[in-house]
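The same chain A turns up in both complexes below, where it pairs with chain B and then with chain C.
Here is the complex of A and B:
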């Protein structure tokens, strides 16, 4: 399609403004992490690497990072197992209530995080009388990451159809052997991509986390929230925010690459 | 008495409200090349999938050399399938595909390699062992699928329209090879097709399916020359159909008949009241033969195939002719 010079320039301007609108705030945080001011004052009065150095030796920040990684890994692992099993049930078998189950698995995406958090908090504390902590946090994160794995794997399974699995069982392989030799090699990139997305989702989650982590457990996003208005902590928070952003972007980028490479 | 390779008793399969297979019974002998022929949706593929174990019968029984396998999973049945779309494992090489069934059976590496090599030689694919399925042509994939199934020496080989995706020349070549391989191995072949030429030319016996049931079962000659009803006559070859009333008029028969177009004689002048006069309304030249459409004076249209004449006077539209039937070449329908 051919556009006139003027419309091209107008479109370019709109595009640039939109991108600025989206990325300016995060850029400000990035710039602030190098600013000598301790209160995120604007414009920055100079350049310093002080906060970056401090952030990486800050015990609280490093502990929070560790907690976040452990929770994200554990939640993704649970989600991988449950999500894969669910996708198989939905994509490869026929049973009563299949459509309903499919809907129920996917629906939590639409559920507001605050409702999920509240519901889990009630369940853990009132119904089960559990102490909130790492365990409840991991379980809570697994509930909303299962659907990410499920969506990835079920789409792959549906597209591939079941005829290779039939061929495998025809040649004498039982269900488990067929999964190991035929199905798994063909869905492993979907599993990996799903796992990365689940990790990223869990890593920067805050709403459900505030309801289910309890007082003793601080994830990185919680650490940021807690330290936002503390004197002397604001620039460190900016550093951590940038780190969280990068750590969330890398898995998503990788997941995208893996999936698109596998489709072609 | 020898046990039949496959014995099916009153087999029925329903998918929801749809009855795909409706009370099918048949016996297939060891070493037989058996075809299931029918239009799409006639139930022939479902019968094959029931024998393979991909579907569970709603009722009825399937015996493999006497043993009831009706409810066994596919991996416990000594039958193998060549799939219509080949279903080769895309992440494995040709050799790995062919060795798959042997690997599952725990056969050692050297013997596996040996057997795979033999199977690939049998289907004439020696040079392509390390390729991936995506690097093969349709015909080559077909051969890999065949090698993968026969390498495990099944008691019965099921073939689900295996030649359907190939072009005509390749298909004809593969037909000959399939027949040779079957003879060489002595394995029972059950071949599903909607192509009547394929069924007639390959099979020892053919079952013609329609609407979930077997309409006729017999040798290719039986099916072609003595079709039981209009459906079989029409589906297998082409035919001129005369309903009961017309049969009385033309042949003094009390039931509907069909006459194959090659069994009708055309002569140019009317001779002695034998036969019926009419006029040629269309001539279609097919190279080795002509299809001639004749409108009889009674109004009935019939068509005749004749060996085409290289030289001399050609059939043409408007020509007056006499049509005569040889009574022994008229097939009386029994249903």
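Here is the complex of A and C:
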């Protein structure tokens, strides 16, 4: 299509402005975390590393970090098992209710977070009469991360088809040998990438978390939320916000590299 | 003849393997059982329980849930004007957020897919995708900082004589539009990528001008992508309460109303009934756009 020079430049300008707009708020938080003032006033009045030092010795923050890592690891492990089983069933078989099952996996993340959170809260507290805590939090996170594993693995299985597996069994290998020598090595990276995405998703989640964690469990996002309104804690929250951003982007970056290396 | 344990083991796995191979339905059942049980028991059961809870009530003295069927909660929601006002306000926010996001996403996605050079395109796609994965809470917090009095927005706008919107309804719309932008721009970009350049060239060859080509060729082809993006911005806005609490000041939405009823008001049945408003809106929206094929673009 013939676009005039001016319309090209206008489009480029809109895109660049949007890009700046996307990264500006995070940059502001990053810069503020080095500002000596405890208010969020702009421009910063100087430079200090005080808050960064304090954040790393803050007991609450470190405990919250530990909790977040444990929850994310446990939830991704469960999601890996469930998501992989489901991917094989959907990609390698045809059966009644396949569509419905497909929908059921997406639902926990497609429905508004508050509905998922409230429904799980009601299940744990009113129906099962359980105490909210680590266990309920892990169950909740596992439920909405299954979809990430499923998407990654099912896409891989569909793209590869079943020819190599068939060849393997024609040559006399039993199902377990075929899985160990053919199937698993070919889906390994999809599993790893899916696991990383599930970890990142769980690590950041806040809405379902506030409904299923109960009072005793503090994940990093809950720590941020609880301390955001406390003036003396505000600069530490800025530091933790930046750390969370970096920590959640590393798994994404790795997952992206693994998948793109495999696809080329 | 003696057989070693290893041989017995091999034979056993071979027999299991053959059995599963011949009766592949058994294998399918074994694959399906754990995930189906989990999703059905945890998720479908909890949604059903939520539906049932909405028909119960809370004893005003003890605060316990009374397990008798009643339509009281639904009567409250439909009858009281607060709920109508909050529903309308939430819908208004969701609609504004969606319109803003689509308005920005269209030119940006068009530039990314049809104008930008290859390398530049790759860079743009990555930088638009990254925020999708960075913490939602951190981004909402960042806007609290940006919108705060004496914050950067104040500092930018004051020389122009415009006051910063601060915490409130406008702040909520800006922040939510920001939060969901990547969810809107990516499906539109994907849809644009699928529009073949040859089709656009054909339109130009047949005498269609830029405007005409965009209107009659490009837009009809990317409608499903636009709708897919709007499903995200709509559903996410209806389900949000954290960002509203962080930057919304005293703004009430369906989300904050649900949260208050679970927490301080301790009225889970009423919260359950309110939750059916956003759920109903989303389901109606999904059903009405199903025919456009947008759901395959999610």
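Keep in mind that, in the parts below, the second predicted complex is superposed on the first by the 252 of 264 C-alpha atoms of A that agree within 3 Å, B and C clash if a C-alpha of one lies under 4 Å from a C-alpha of the other, contacts with A are read in each partner's own complex, and residues count from 1 in each chain.
Heads up, the rule we're going with is that a contact is a pair of C-beta atoms (placed from the backbone, for glycine too) under 8 Å apart; a residue touches a chain by one contact, two chains touch by 3 or more.
Just so you know, these numbers come straight off a predicted model, no measurement behind them.
Trainee: Between chain B and chain C, which one contacts more residues of chain A in the superposed model?
Mentor: Counting contacted residues of chain A, the larger count belongs to C.
Trainee: Pick one for A:123: touches chain B only (first), chain C only (second), both, or neither.
Mentor: second
Trainee: Which partner chains sit in contact with A:172 here, chain B, chain C, both or neither? Use first/second/both/neither.
Mentor: first
Trainee: In the superposed arrangement, which partner chain does A:20 touch: chain B (first), chain C (second), both, or neither?
Mentor: Neither partner.
Trainee: Can A:29 be said to touch chain B (first), chain C (second), both, or neither?
Mentor: second
Trainee: Is A:185 touching the first partner chain B, the second partner chain C, both, or neither of them?
Mentor: first
Trainee: After lining up the shared chain so the two structures overlap, which partner does A:163 touch, if you call chain B first and chain C second: first, second, both or neither?
Mentor: first
Trainee: Take the contacts of chain A with chain B and those with chain C, and give the residues found in both.
Mentor: After superposing on chain A, chain A residues 169, 174 contact both chain B and chain C.
Trainee: Where on chain A does chain B make contact in their complex?
Mentor: These residues of chain A touch chain B: 163-164, 166-174, 177, 181-182, 185-186.
Trainee: Where on chain C is chain A touching in the complex?
Mentor: Spelled out, the residues of chain C in touch with chain A are 13-14, 16-18, 20-21, 24, 27-28, 31-32, 34-36, 38-40, 42-47, 49-50, 53, 65, 104, 107-108, 110-112, 114-116, 124, 127-128, 130-131, 133-139, 141-146, 148, 150-152, 154-155, 178, 181-182, 200-201, 203-204, 210, 213, 235-236, 238-242, 246, 255, 258-259, 262, 268, 271-272, 275, 278-279, 282, 298.
Trainee: Under the definition above, what is the set of chain A residues touching chain C in their complex?
Mentor: Touching chain C from chain A are residues 1-4, 7-8, 10-12, 14-15, 18-19, 21-26, 28-29, 32, 39-43, 81-83, 85-86, 88-89, 93, 95, 101, 104-108, 110-116, 118-123, 125-127, 139, 142-143, 146, 169, 174-176, 197, 200, 204, 206-207, 210-211, 221, 224-225, 228, 237-238, 241-242, 244-245, 248-249, 252.
Trainee: Tell me, which parts of chain B touch chain A in their complex?
Mentor: It is residues 52-54, 73-75, 79-81, 83, 85, 87-91, 100-101, 104-105, 148-149, 152 of chain B that touch chain A.
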